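Both of the next two complexes hold subunit A, though its partner changes from subunit B to subunit C.
Right after this comes the complex of A and B.
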């Protein structure tokens, strides 16, 4: 099951040129771009691991692309996303975040039912991948 | 008959390509705004020509790959190394060799870290910032300290070397520094020297050139010299050049700044009289002749003739 988180996630995977153009757009707007990775695809897993520091004062997408390709070589079977942070006063949050690398295959999520308080049922989802310990998912 | 010649034989319009790129204009402003520096300008012209021809070659399907444009600027203090580096970024941008045309000026401090493992991320960050533009490393010889073999400068240089080799299309590295020290630096780092295609030496300015530079600076600051002051400035430059701490255009700029101080002080001293626009603009001979250069020269002259 394809993970749909962040911008462009319902589109086919972006090519490197397309990623580079998106980053270029971010840099033109003066946003700080960073790269993050994780192997826990749960939608509530908001804070992914940082791959290096966020990159400030960049002018050209080549610098970020280098970082993206470094992240891909280090974590070929992880989710990797590119974030663009807008530091403008009053905004101070992510403007754009999109996945640039995903493991293959993506097993998806299972529905978990929990019986509570008599016959009431609570539902939640759990990623199949997280059955394995961290670092051993998506081999 | 076949219709049209194959593209390889169509005559290419070099003049049109030149006009389109705006290089001529750029070289003209360079000539107008920067005095002297003939070898530097010649090299810039050569690079511009090479990049243009390369573009034309590409149109007919000939390709030699992008040329390596890393440079080293050597010369005495105040010969315009930094100024040219700034221009270089703009020129290369006009020629579409670099994509963004900004200049990131750094020194050893910005590249070398303070503890183990600090240098590589620091250098890489600087390199990433410079991508699409020009990385200007001032006083590059400080990167290499032969007396300390555990110096982190070595690490920064290794990363730079790698970047200069692998990311040639992403950034241009310009190293600058004083001639003798740079020569020693290159002698002990042959890898660095061989990766730099253009070693440009900045000559010292002559008397007339310095005078012309002073004229340009005054024009920019919206001052003018009285006729006496003109002669005084000529003499000043002559004496200043003979002194050991002479730093070419930088010395001239400092001298003019001090003349402005004295000019302001003189106007202050003459308070009460109405000031004209002319008086606010004009530097008199006395403003220049009050310089230490003149008084010391007079003193030594007295000593030598007892």
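Right after this comes the complex of A and C.
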């Protein structure tokens, strides 16, 4: 399967030039860019690991690309995403978030059904990868 | 004689309160010197007086009939601080280009309104006055709510920012589709459409406004099959997905029962129709707050009173009321689709729903400055006759914070529903990518779509099928301040 979280997951994987253009766009808008990684891609895993703090003072796309590249070197088989944070009052949230690295293959998710009263079902989504301990999931 | 605001009424008190009939203007409902206070509620009406009726008297009559007046003088006014409770028409001006119409600006004291009640507000502002004989037609065009009044409403239970955080979806419009055909599918077949569309790439699917609990599909059956589809699609993609389960029903008790069932099954969103009424909407908003639920509002019925320019209520006002009443999604027009929607007017509705503050913007029909006092933002929904080939226009007109709903444009795809959904998602992501790279969507949009279609046969098929389809009719609800362009 292909994990389709993030803004551009239905497009072919972005080239470094395309990633750099998106980062440029974020910086022009005054957003703080950050890099995060995980080996638990559950749709409700909000807290991916931070590859350093958001780069509030970095205004140069090349600098951000260095961080992306360092994250890829350190975690070549993890999901890695680039986030852009907008601190404008009334937003104070992400404005863009897209995946820039993914494991190969991506085993995906199973759906666990617990049959309860009145034909209702309690659903649990489980990443096959998380059967393994953290750090040993996409070898 | 002094009013609460220090302005003189036209008559002395003995003449003013003599039994009999006076002109509304003479009763104190017209005051051209009145300067609206920061805590006044303001309303702008478009009035079309009967032949021979003076526009100022007509405006005063509207102020009177929407506040304290009756047709004759009553002495019991003198038991109240009547001068402050009277609404004041303070400005009347001709409507540009419409010689028989005038704009009447009216100010209402804040004390006239119960805190946090759209039912109370609307009973005054659009109550008896809309049947008033001396007027041929009357339309409520816009309102300004003081911050003190805005703060008495809870507003959207979720709001745009929190909705995105909950769904983990940023940087692009959300995508949806309404299950079709809107009537007749069994629960099992209905859920099939939901599964295919969500797995193919949509974020949401939707019940239609008139899908409730009919002989071919009872509501519990629909909810169970739809949640199976939602969860299967979520597992297949790793994304949070949702289906707007319509809980509209005959009574509040039924609606609560359906909403609770949706919550227990793990749905992230429920849906109501505008026709349930303002009080029911506010009740469901409170319920949604208590249950961390996104509340989707379908504007069923609004066209009966919003579409005609001379009479009724502008959808701009409905948008403001629904932001106060507290819904998270509201259908607010597409500009380019099959339903009524002039570009300027639609952008005005979107601004009212999404911005923290609205400046006066006459071209978009916004006549008052409005500070939303931190009230959460409503996600507008664009639905009705739109397709992937219009993606550049949709992004240009509507921006990022919108749900684009392609019902026929997903389900009618020649390669199937999943392919239809994928076509829409690829068209959207490629357009956002290109915009962020600084490309000119208006000029290059068709080329960007054609390029994306080279890697995506479903998008190519969508463009081949619908690329030329447009709904190019002149709008009826248009700006008074600029010539009206029709969308290409």
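Convention: the second predicted complex is superposed on the first by the 135 of 139 C-alpha atoms of A that agree within 3 Å, B and C clash if a C-alpha of one lies under 4 Å from a C-alpha of the other, contacts with A are read in each partner's own complex, and residues count from 1 in each chain.
FYI, a contact is a pair of C-beta atoms (placed from the backbone, for glycine too) under 8 Å apart; a residue touches a chain by one contact, two chains touch by 3 or more.
Just so it is clear, the model here is predicted, and its values are computed rather than measured.
Upon superposition of the two complexes on subunit A, no clash is found between subunit B and subunit C, which fit side by side.
In the superposition on chain A, A:52 contacts subunit B only, with no contact to subunit C.
Taking subunit B and subunit C in turn and counting the residues of subunit A each one touches, the greater count comes from C. With both structures placed on the common chain, the touch criterion links A:135 to neither subunit B nor subunit C. Between the C-alpha centres of subunit B and subunit C, as viewed from that of subunit A, the superposed structures give an angle of 100°, to the nearest 10.
Once the two complexes are laid over each other on the shared chain, residue contacts for A:96 go to subunit C alone; subunit B is not touched. After overlaying the two complexes on the shared chain, residue contacts for A:63 are found with subunit B alone; subunit C is out of touch. When the two structures are aligned on their common chain, the gap between the nearest CA atoms of subunit B and subunit C comes to 16 Å. No residue of subunit A lies in contact with both subunit B in one complex and subunit C in the other. Remark: subunit A residues 52-53, 55, 57-64, 66-67 touch subunit B in the complex.
Within the complex formed with subunit C, the subunit A residues making contact are 1, 3-5, 7-12, 14, 18, 21-22, 25, 41-44, 46, 83-84, 89-98, 108-111, 119-123, 125, 127.
Interface residues of subunit B facing subunit A in the complex, by the touch rule stated above, are 99-100, 102, 121, 125, 127-129, 131-133, 167, 170-171. Residues of subunit C that touch subunit A in their complex: 161, 164-165, 168, 170-172, 201, 224, 227-228, 231-232, 234-240, 264-266, 356, 374, 377, 422, 425-426, 429-430, 432-433, 436-438, 452, 455.
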